[in-house]
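Working notes, beginning with the structure itself.
Every chain is named by a letter (A, B, C and D) in the order it is written, and numbering of its residues begins at 1.
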Amino acid sequence: MIIVLRPEATEKQIEHIVQRVTKLGLKPLVSKGTERTIIGVIGPEDILRATPLEVFPGVEKVMPVLSPYKLVSREFRKENSVIEIGRGIKIGSQEIIIIAGPCAIENYESLYEAAKSVKASGAKALRGGAFKPRTSPYTFQGLGEEGLKYLKDVGDKLGLPTVTEVMDTRDIELVARYADVLQIGARNMQNFVLLKEVGLTKKPVILKRGLSATVKEWLMSAEYILAGGNMNVILCERGIRTFEDSTRNTLDISAIPVVKQASHLPIIVDPSHACGRWGLVGPLARAAVAGGCDGLIIEVHPRPEEALSDGAQSLTPESFAELIPPIKQIANVLGRKV
Amino acid sequence: MIIVLRPEATEKQIEHIVQRVTKLGLKPLVSKGTERTIIGVIGPEDILRATPLEVFPGVEKVMPVLSPYKLVSREFRKENSVIEIGRGIKIGSQEIIIIAGPCAIENYESLYEAAKSVKASGAKALRGGAFKPRTSPYTFQGLGEEGLKYLKDVGDKLGLPTVTEVMDTRDIELVARYADVLQIGARNMQNFVLLKEVGLTKKPVILKRGLSATVKEWLMSAEYILAGGNMNVILCERGIRTFEDSTRNTLDISAIPVVKQASHLPIIVDPSHACGRWGLVGPLARAAVAGGCDGLIIEVHPRPEEALSDGAQSLTPESFAELIPPIKQIANVLGRKV
Amino acid sequence: MIIVLRPEATEKQIEHIVQRVTKLGLKPLVSKGTERTIIGVIGPEDILRATPLEVFPGVEKVMPVLSPYKLVSREFRKENSVIEIGRGIKIGSQEIIIIAGPCAIENYESLYEAAKSVKASGAKALRGGAFKPRTSPYTFQGLGEEGLKYLKDVGDKLGLPTVTEVMDTRDIELVARYADVLQIGARNMQNFVLLKEVGLTKKPVILKRGLSATVKEWLMSAEYILAGGNMNVILCERGIRTFEDSTRNTLDISAIPVVKQASHLPIIVDPSHACGRWGLVGPLARAAVAGGCDGLIIEVHPRPEEALSDGAQSLTPESFAELIPPIKQIANVLGRKV
Amino acid sequence: MIIVLRPEATEKQIEHIVQRVTKLGLKPLVSKGTERTIIGVIGPEDILRATPLEVFPGVEKVMPVLSPYKLVSREFRKENSVIEIGRGIKIGSQEIIIIAGPCAIENYESLYEAAKSVKASGAKALRGGAFKPRTSPYTFQGLGEEGLKYLKDVGDKLGLPTVTEVMDTRDIELVARYADVLQIGARNMQNFVLLKEVGLTKKPVILKRGLSATVKEWLMSAEYILAGGNMNVILCERGIRTFEDSTRNTLDISAIPVVKQASHLPIIVDPSHACGRWGLVGPLARAAVAGGCDGLIIEVHPRPEEALSDGAQSLTPESFAELIPPIKQIANVLGRKV
């Protein structure tokens, strides 16, 4: 931690800060420059983070030196984490995993139809929402437990691990009973109670990035889950909110290498939510694989015109099938496989 | 709803859309311009919103004409809503209400000290967090029920209605037992399950705007609460996330008149979270009152240097006391009072 | 400047950096913490800024301690700068100056009509664009020199100093001949050649904030002008670009106190461009004055329905007249006057 | 153009709008819905765009149906534009063109060294700045004409077309004399005078996207150049400004397919400025090619530690050489070549 003092800071103010820092068991190093005095503090930054040094008289600003996360960091663990999501499928290894399926589970038949087709094209896991976070209370909110049953049944029949969102602490046990992977949606990325609770399970968790979350905050949310004892976290970049309005969100493609440098956790990309337009999913999926992601999660609906949710960004099974071959080849270029 | 077709849209595609719209019980009006054909649809937009018209062949874009919210809109209710928050204090009337207190409840004494001082200066309600949404799992997370007890006790002793955050559906009943007003934090603005559940209570709710929520989305989140039957919603602007980094967030001052035009709900402003620096709270509070807000919620701590949370943005009781007189006078200029 | 090293940085890498810093005539202080080694550098940061320390092997990040601007800073000059804009009108003193007029100069009559009415209501200077930066090449681009002549003539007749935009280095001499104040538009805030050239004149300059400029960058652009020898710079906050789409831009009200702390330069606010809707200009203007601005610049058109540019955000003379009395009173609350 | 009326709009107000629209030579279609009356207007939207319909009494909002650009649009020209940039090198065809070189031209030797190495690795054109837009007036501003001479000489020696930025209308003739391609920097994307002037030349122009420009605005800036008669415009995505601070900007990878749908102009990507960190240039360059770009522009410096500008994001010749083979292979996957 570096404490930068105002030019007019007095000796007494400096002394006050030095005493406080020392009292916290840390070692302050005062360095008087020509224009500013700065105080470097050696020792665990966490102790200082909890102290609002900015309000101490004479302080201009406080600059942390270390990252606030620990368990998710590359420093904590050098090698990539590989997370098993069920039925032997692993995310974070040399294989790039494609997860696909409808946005919402609408009925058994269309889920089965979607699942069968995406499996045939190369998807290794099935997605489908039973609890849907919708911006309007007047739109389809998901089938709930009935949907979870369909999901489990279809997953079992086709041998696909399943991914579904959990939105409420009260539903974790229920969702975990039916699904292989718990998804935390973008709008719940900082629902800290939910994060803590899924941290107490052993289930793999896909943690979507919040609409306006920095990579650092996203990693801090993952830290909540790991701190609870659950190391099975997969990060999912799904676009951030910017001023650009030709796409639903702006896919932050640089988040892939940034996360890879900062953390050992695997990162997948959701091109469907990132753009909100099915016609852009292909280029974004290819870019994500070329950028180094560990997997993709893509919305596919047998008949997007009839989808109850996110139809505009859903691929048909045919478009999805066409998407896969170039992705396989790009993966190969990078020494990976799909 | 206006459906704009691509220049190359065929008669068959137009027919397909017209049939679908008609089947939904709506009336399509096809209008062929020199460069584009557009289809205007008359009837309830909600029905169409659930249909992903963007994926219909030949469609270029779909433009909704109406706002997606109903109960929160000025059209639904012309006059301003006035929400009673307890002990006769009302938000949304001619009086501008100041809510103040510490970010987190740390212990009984400091809460009482803060409450007593803010009441003396003119605050009409007490804020204090018992459940704290913190970005790091390693920082103070709040006292929980113990904190709620202190809050109730201090509120009772000083005759102040109390405001505190609820973060988990499982805690609503508990929090509602102790506090007068439930606060939904910015990070939970789109925690739709939580919104639905507080919608089932009769408690006044302060709904903070999400960090990257548009005014429209914010109103849609309020709609969730009203749709559940709870009309007692107070909106709280607390800054949005932008690229500017000299302040913690960017106070969207225009949100006040925008909300006032679009909705009958009262709107208050939280200058403390908006800027994150106590030295800016005064100018922002004055601006918010001049801009037409119905109340302020301000962080005050007896000794910010020792605060366990948000010390940097907390006013001392003395700074808070100095803040009030100009605010009163500005309120008077606008024909209101504090 | 603080250089934070990677945990795996070697002694040799540290030595390499120390040597380079020393060679630049600066004094490095190496401090080995438990988790990181950091190197504090004492001496003028400018020398180091020009050196890309981030690419030196072993470096994790580089954190500047000082602000990059000098002449515009409060440290350089403690007291507020007061800029005379002609005919004895001063910006930055106790008086809050209102500048008003049409977006574009369309013809002599309507300019005179606008000017006469705004003067009657209390405006102290006249604005009007002769060179218009328009996003489309197919819209009205301004009257050029003819417009400047009208502006000068109307200003002379009514005794009002005049403000107009200059967009091209080749036009500076021309514009300076006719107008009292040169305006640099938001889209030219980082047109560094233009900044340098107006820095060589002695004319007062209104420097609008760029659509996505941080306060720091804005001050750096002002620094360009001051560095050229022209100290007469007035900053103008006019809204920044965010994701919110109910207003044209988002007025960053906190920029007022932030600038006041960081700089001695006066700051005025343009509520018209900030919101883009005339119905919001009133609340924003009041908020800006309450927030501590030194002036307002407001678009007024005799018949907004017929305006060739920005009609949607222009006030009528009547609405403008109604705006002034509460602004006067709010100014009085703060010990200022309009 | 669709005009949406307020629910309380009167017959007289509707009549007023209808008259005005008709007077402009357009055909209004009034359609009365259950909740709103809307007026569709048939005919050229440009005429209406210049009319501020939002201020007409009774109007709630105005929604344009058509894009504001014409010459740059796919509708104007179906097939991709292919721009020759000199020495037979074409951008926009099946070949993906890599432009590389130092940020700033510092001296003849290092420019030659950089150019020779990037050519050997596969670059087809040379970049180098002689006029540098720097945020601080105290940093290296470029060598000016001397730099242009070096650039031309090195380009001639190695047979590489050259790209350099022009910042001032007064320099266009000078820069055009020495360089093959004129670059308009991000900060000048809405310097409309500069756009108009380069529109009068026949030189190929690389138009960088502004830091906070929407794709639509970017295309409108290109429209300025085409409207002047110069059809040789190459768009360059270089990252937009968002809240994310782990990278200098956020590369908007979706801009590639969005532009490809909307326009016939080629689009290249600058991964160096997008991320600001050399270690991320590789993944971003690969992603850009996989996403469908027509070229890359990459900063390479023989000794980044000594670079006078942007050293942190410059590749060494060795890193640049390593970058090329996977890019070639990804291009092949998409049926293109490097």
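Keep this in mind: a contact is a pair of C-beta atoms (placed from the backbone, for glycine too) under 8 Å apart; a residue touches a chain by one contact, two chains touch by 3 or more.
In this text the structure is predicted, and so the values were computed from the model without any measurement.
Asks: Comparing centres built from CA atoms, which chain ends up most distant from chain B?
Replies: Chain D.
Asks: Between C-D and A-C, which chain pair shares more contacting C-beta pairs?
Replies: C-D
Asks: Between chain B and chain C, what's the gap in Å when you average each chain's C-alpha atoms?
Replies: The separation of the two C-alpha centroids amounts to 31 Å.
Asks: How far is the middle of chain C from the middle of chain D, if each middle is the mean of its Cα atoms, in Å?
Replies: 26
Asks: Provide the C-alpha centroid distance between chain A and chain C, rounded to the nearest whole angstrom.
Replies: Once rounded, the distance between the two centres reads 38 Å.
Asks: Give me the residues of chain A that touch two or more other chains.
Replies: Expected reply: 212, 241-243, 245.
Asks: Contact residues on chain B for chain D in the complex?
Replies: 2, 4, 7, 29, 31, 33-36, 38, 40, 42-44, 63, 65-66, 75, 241-243, 245
Asks: Would you mind writing out the residues of chain D in touch with chain A in their complex?
Replies: Interface residues on chain D, with respect to chain A: 212, 214-216, 240, 242-247, 250-258, 261-262, 274-275, 279-280, 282-284, 286-292, 326, 329-330, 333-334.
Asks: Where on chain C does chain D make contact in their complex?
Replies: Result: residues 20, 46, 49-52, 54-56, 68-69, 131, 133-140, 167-170, 187-188, 190-193, 196, 211-212, 217, 220-221, 223-224, 227-228, 241, 277-278, 304-305, 307-308, 310-312, 314 of chain C touch chain D.
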